[in-house]
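Common to both upcoming complexes is chain A, partnered first by chain B, then by chain C.
And now, the complex of A and B:
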C-alpha cells in the first residue's frame, strides 16, 4: 500500500537523506583527505575544507603504485570473471532447467554446495590446483597405479605439470566457479512460460537455437545485473590475487594499494593513499553508472 | 493438406492414465473441433499430435506416415497457443518469420512471405511493433500468422480464443473459419466452449475423462447424442434428464409419480433408463392438458429473443426454452408437452444411447 500524505512524505525524505549522508560521508572524507598536503592531512582534527593538492596527490599515487598496468590487470580480471560467470551460469542453468538427464539432481546439488564453500574456505586446495592444474590427475594416476604401470611399460616417469600462477587464467578461473549466477538464471528461466519453449519447438528451433535466439535475449537484464555484480566482486578481490601473483606484472590495483599505505617509520602520507583509493574506486563506479538501468531491472522485475 | 490417423492412443503420466485409447480419423482439409470439459485430455491429445508430448501407446500417422518418433518440426504441424506464446523481444515481423529464419529461408523471400501473411491478417501496419504493444486480438492474429507462414500440413489450435472478450471471440471465430476456407488446411481445434465448437466444426469430437464419447457433425451430435454425457454437455441450456423405469405401457418417471406413454419395443420391463428432452423441444400448454406433464414455474430468464423457463417437476428441475408470447409467472402451474420423436433414451448403467424407441417407430409403420 502506498500512502501519500505531506507529513509522511516529509519523514520519508528525511530518512532517505539521512541514509544518503550516512553512505556518502566516508567517500567525501576520502576525497577531502586526498586534496590535502602532508601537513594538513595529519592535523587533528583534519580540516573538512578541501585542500588544493588534489591533482598532485593523484599523480603521485599513480606513479608510486604504478597504477596504470595494475588497473589494466584489475580490469582484465574483473571483466574476465564477469564474462565467464555470465556465460557459465547461463549454460549451467539452461542445462538444469531445460534438460532431463540422469544425475541432474546430483549436479544441481553439487553446484549448490559451492555456495557454501566460498573461495576463502577452499583457498589452500585451490592454490595447489592452480599451482599445477594437472596435479589432481597425477594424484588419481598415482593412486590407481596407472603411472606405475606406464613407467613399467614405457620407462617414462609420469609427472604432469601445468602451472597457472602469475597468469590471467589463474587469476580468473577459480573466481568463476561459484553458483550464485547459476541460481539467478535458474530463477529467471523458471519464469519463462513453457508455451514459449513449445512455440520455439514448433517453429523448428533446436535446443541451442532456442537458447541463443530466445532465452539469451530475454535474460539481457539478468546478464547485466550479474555481470555488474561480478565485476564489482572480482574487482574488489584481495586475498586470491595477493596469493597467486608473486610477480608484480600480474598484480591487481586493489592489492597494490598497500604500496601507498604508510609503513611504520615512513612518512604518514595518507593523502597519497586516499588519492590512490579514489582512483581504484573509479572504474567500478563507472561500470555501475553505465549498467544501472539494466542492473536494477534485472534484479527487481522479470519483463512480462 | 493431410489426413491424420489416430489409433489406440494412450497417455500416462507416471502411473496415471489420462487418455484412454483414442481412435480418430481426420480427413484431409477437414476442420475438426475437440470439445470436452476441463481436464478431459483434449490438450494432451492435441499436443501428442503436435509432438510436444510423448505418445505412451498407440500410433499417430499424418498422411499415412507414423510420426510417433518425429520431432515437432518434422511433422509439418503448426500450433496456435492459448496464451499466444509470442516471443516478447521480437517484433511482429520477426515473430511471424522466426520459423523461416530457423529453416534458413533467405531474408528477401522471408520478408516477402511475412508481407503476404500480414496482408491476409491485416497486420501490415503493426509489423514493427513488439507484442507488448498489441491488443489481445492483434496478438491472436500474430500467433495465427506465425502458424500460417510455414504453410503447414496441419493447423493445431489449443483454445486460442479463450483469452479474448466475448465480442472479439465471435469476430476471431469467423475469421478463423474464413481462413480455413481460404487455406483449406487440415485443422484440429480444441475448446471447451460449445458455441465455438458448434460454429467452427466440420466434425465434432466430444471427449470426456480421456475417452472419445462421440464423433460427428455438430448437427448429428446435437440431434443424436451418443451418450448421456454428450446429451447434457452439448446444448445450452442443457438437455433435461429424468430418471425412469420401463413399464408395460411406457416409462414411469421420477419414482413412479409421472408416466410417459411411449412404445417400449425391445427394452425389458423394469430396466432403468434416463429420458432426455431438449429445452427447445418442450412446449408449454395449459395445465391439465391430456398427455402433458404438470409442473410449477420456478424462475423465468429473459433472453430478449425468447426466455428460459425453469419449472419444478416433483422436485426435479426442468428447463423450457420458449419464444412464444406467454409470460408465465413464477409459482403458476403449466403443462409440459413434447413429441415422442424428441425424446432421447440413455441406459442408466452405461450412459449409452438406447435407440430402441426411435427404431420401433418406422418398423411399426411398415
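And now, the complex of A and C:
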C-alpha cells in the first residue's frame, strides 16, 4: 500500500466482498437446496438454513442418474485426455524444437491451425469419422487407386472399418487432437540452455536419451500444469460425450445431469437435481483447490 | 527463436511428430475438409449418394429467418456476456491488486467458478433463477409475472448470460491479476509520489499497461462464448423459448443431429468458422493499433 486512503479502502473491501459472495453463493445455494426435502426446496423464498435430508438426496441422485459408473467414465476420459496430451505434446514439441528437417515449419503451422477451430464447430463430420475411424484412409486408398490395385493382385476387396462410438478411445482421441499443449512445451524447450544439449551430446547421449533423461525431468512443472488443465477441461466436456455415447454404459457424469432436470409435469424435484449437481461439481472443484498453483500456471501458460 | 544445437538424424525427429500428425489428420483436417465438402453437396443422412449443389446450401441458410435470428442471438450473447465478465473481473482484480487484508482469500476463491462444467453450473442457475422455486420466485411473488425465462425470450437470454458470465469472471480475473502484478511496483510508487490518486494511477498507468491482456481476453471470451455456451443453453433453455436462445453452435447440433440435415449443419459450421476467423482478424487489425505493447 502506497498511501492512506481509508474511504477507498472501505469501498475496496465492500466490492471485493460482494464479488466473493457472487462467486460462492451459487455453491452454497446448491448445497443448501440439496439438503431440503421436496416441500422445503419449493418454498418461496427457500429457507437458507440447511435441511436434514442431505444424505438421502445424495443417495437418490446417485441411484437415479446412476452416477457411480458415470463418474468412473468421466474419470477415465479426463485422465486419458490429460495423459495423452502430456505425452503426445511433449513428443511433438521435441521434434519441432530439437530437429531441423524439411517441412518442419509446415508441421508447426499444421498444428497451430488446430487452435483456431474448436471441436464444437466441426462436431458433425468428426462424429462421422469416429463412427468409422478408418474411413479417411479408405477414401484415400480408393481415390489413389491403391485399393483397386490390392483387389487386382490379391482378390481381396479392401474395406476398412473400425467404429469407435461408445468406446473410451472414441471419447478420448478427438479431444487430444488439438495444439494446446504443444506450444506450452515449445516455449519451455526454447528456454532450456543449449549448453545442456551440448554436454549431453558430448557424453554420447542420442536424441531419445536426451529427451527421456534430461528434457522430461526438467519439464515436470509443465507436465503438472498441463495435466491439471487438461483433466479439468476433459472432465467438463459436454457436446462430444453427449454425441458419441449413444449407449448408457459409456455416458459421463456431466452428460447425465440432463436426466436430473425436473420434468415439467410432476413435482419439481429440485433437491435431487441439486444433490446431483453437487456431486458432479465436486471433483473438478477439489482438483482446482488442491492443484491451484498448477491450475493458474497452466491456464496462463497454455493460452499464450 | 531457434535452437542453435540440434540433433542430426532428422528421420528420428519426424518420428516424434508422427503420433500428433496422425491424430490431427484423422480428427481435425479430415473432418474439417469433410465439412467443406458436405456444405457443397446434398448429403443423405443414412449414407449413400450425394449430389453436388454448389452454394445452394449457403443460399438456403442465408435466406432463412431462423438462421439470422440465431446469429443475432449469438452476437447479443457474446457482446453482453463478454462485457459483463470482463468489467467485473477487471474491477475485482484491480482491487485485489491493492493487496489489502484478505486479498489472498479472494485470489483463491474467485477462480473456483472456472473449474465447474458449464452444464453443472447451468443446472444450478436454472434452479436459482427458476420462476416457481428458488430466488427469482421471491421476486415474482412480490411482483407477479416479472420473471419467466420459460416464456419470455429476454429473460431466458438474461439467465444464459448470467450463468456464462459467472464462469468467465473467474477466468478473466486470473489473467488480469497476473497482468497487474507484472507491473513494476516502482512505477505506481513514483506516480503516488507525484501526487496522483488511486483512480488516476489506474487510468494512466495500470490500464494502458494491461491493454495487451484486455485485448487477448476479448478474443478468448468471444470465441468461448460461441463454444462453451452449448452446455449452458442445452440445460437451461434448450434454445427456447421461440428460438430466443438458439445460439449458433446449438443450432448446428440440433439441425445436424435432430433434423439430420448434415449439409445444412456443415454449411452453418463453415459460416461459424469464417465468423471466428473474421473476428480474430478484425480485432487484430483495429484493436491492436490502440494497444500498448511493452
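Methods note: the second predicted complex is superposed on the first by the 255 of 304 C-alpha atoms of A that agree within 3 Å, B and C clash if a C-alpha of one lies under 4 Å from a C-alpha of the other, contacts with A are read in each partner's own complex, and residues count from 1 in each chain.
Convention: contacts are C-beta pairs under 8 Å (C-beta built on N, C-alpha and C of every residue); 3 or more make two chains touch, one makes a residue touch a chain.
Everything numeric in this text was worked out from a predicted model, so none of it was measured.
K.L.:
Looking at the combined model built on chain A, do chain B and chain C fit side by side or clash?
P.N.:
fit
K.L.:
Would you check which partner chain A:227 touches, where first means chain B only, second means chain C only, and both and neither mean what they say?
P.N.:
The answer is neither, since A:227 touches no partner chain.
K.L.:
For A:296, is the partner it touches chain B (first), chain C (second), both, or none of the two (neither)?
P.N.:
In the superposed model, A:296 contacts chain C only, not chain B.
K.L.:
Kindly classify A:202 by the partners it touches after superposition: chain B alone (first), chain C alone (second), both, or neither?
P.N.:
In the superposition, A:202 touches chain B alone.
K.L.:
Based on the superposed arrangement, let me know which partner A:23 touches: chain B (first), chain C (second), both, or neither?
P.N.:
Only chain C; A:23 stays clear of chain B.
K.L.:
By residue count, is chain A touched more by chain B or by chain C?
P.N.:
Residues of chain A touched, chain B against chain C: more for C.
K.L.:
Once chain A of both complexes is superposed, is A:218 in touch with chain B (first), chain C (second), both, or neither?
P.N.:
first
K.L.:
Once chain A of both complexes is superposed, is A:51 in touch with chain B (first), chain C (second), both, or neither?
P.N.:
The answer is neither, since A:51 touches no partner chain.
K.L.:
Which partner chains sit in contact with A:241 here, chain B, chain C, both or neither? Use first/second/both/neither.
P.N.:
Once the two structures are laid over each other on A, A:241 reaches no partner at all.
K.L.:
Between chain B (first) and chain C (second), which does A:80 come into contact with in this model arrangement: first, second, both, or neither?
P.N.:
A:80: touches no partner chain.
K.L.:
How far apart, in whole Å, are the nearest Cα atoms of chain B and chain C in the superposition?
P.N.:
The answer for the closest chain B-chain C C-alpha pair is 7 Å.
K.L.:
Where on chain A do the contacts with chain B and the contacts with chain C coincide?
P.N.:
198, 201, 303
K.L.:
For chain A, which residues are in contact with chain C within the complex?
P.N.:
1-3, 5, 8-9, 12-13, 15-16, 19-20, 22-24, 26-27, 29-30, 33, 41-46, 88-89, 91-92, 94-101, 107, 110-111, 114, 116-118, 120-130, 133, 136, 173-174, 176-179, 182, 189-190, 194, 197-198, 201, 206-208, 210-211, 232, 235-236, 238-239, 242-243, 254-255, 257-258, 260-261, 268, 270, 273-274, 276-277, 280-281, 284-285, 287-289, 292, 295-296, 299-300, 303
K.L.:
What residues of chain A sit close enough to touch chain B in their complex?
P.N.:
193, 195-196, 198-205, 209, 213-214, 217-218, 220, 303-304
K.L.:
Which chain B residues qualify as touching chain A in the complex?
P.N.:
For this pair, the touching residues of chain B are 50-52, 71-73, 77-79, 81-83, 85-89, 98-99, 102-103, 132, 146, 150.
K.L.:
Along chain C, where are the residues that touch chain A in the complex?
P.N.:
Touch list, chain C to chain A: 1, 3-7, 9-17, 19-21, 23-32, 34-35, 38, 88, 91-92, 95-96, 98-100, 102-103, 105-106, 108-121, 123-128, 130, 132-135, 137-138, 140-141, 166, 169-171, 174-175, 178, 188-189, 192, 197-198, 216, 220, 223, 226-227, 230-231, 234-235, 249, 252-253, 256-257, 262, 265-266, 269, 272-273, 276-277, 280.
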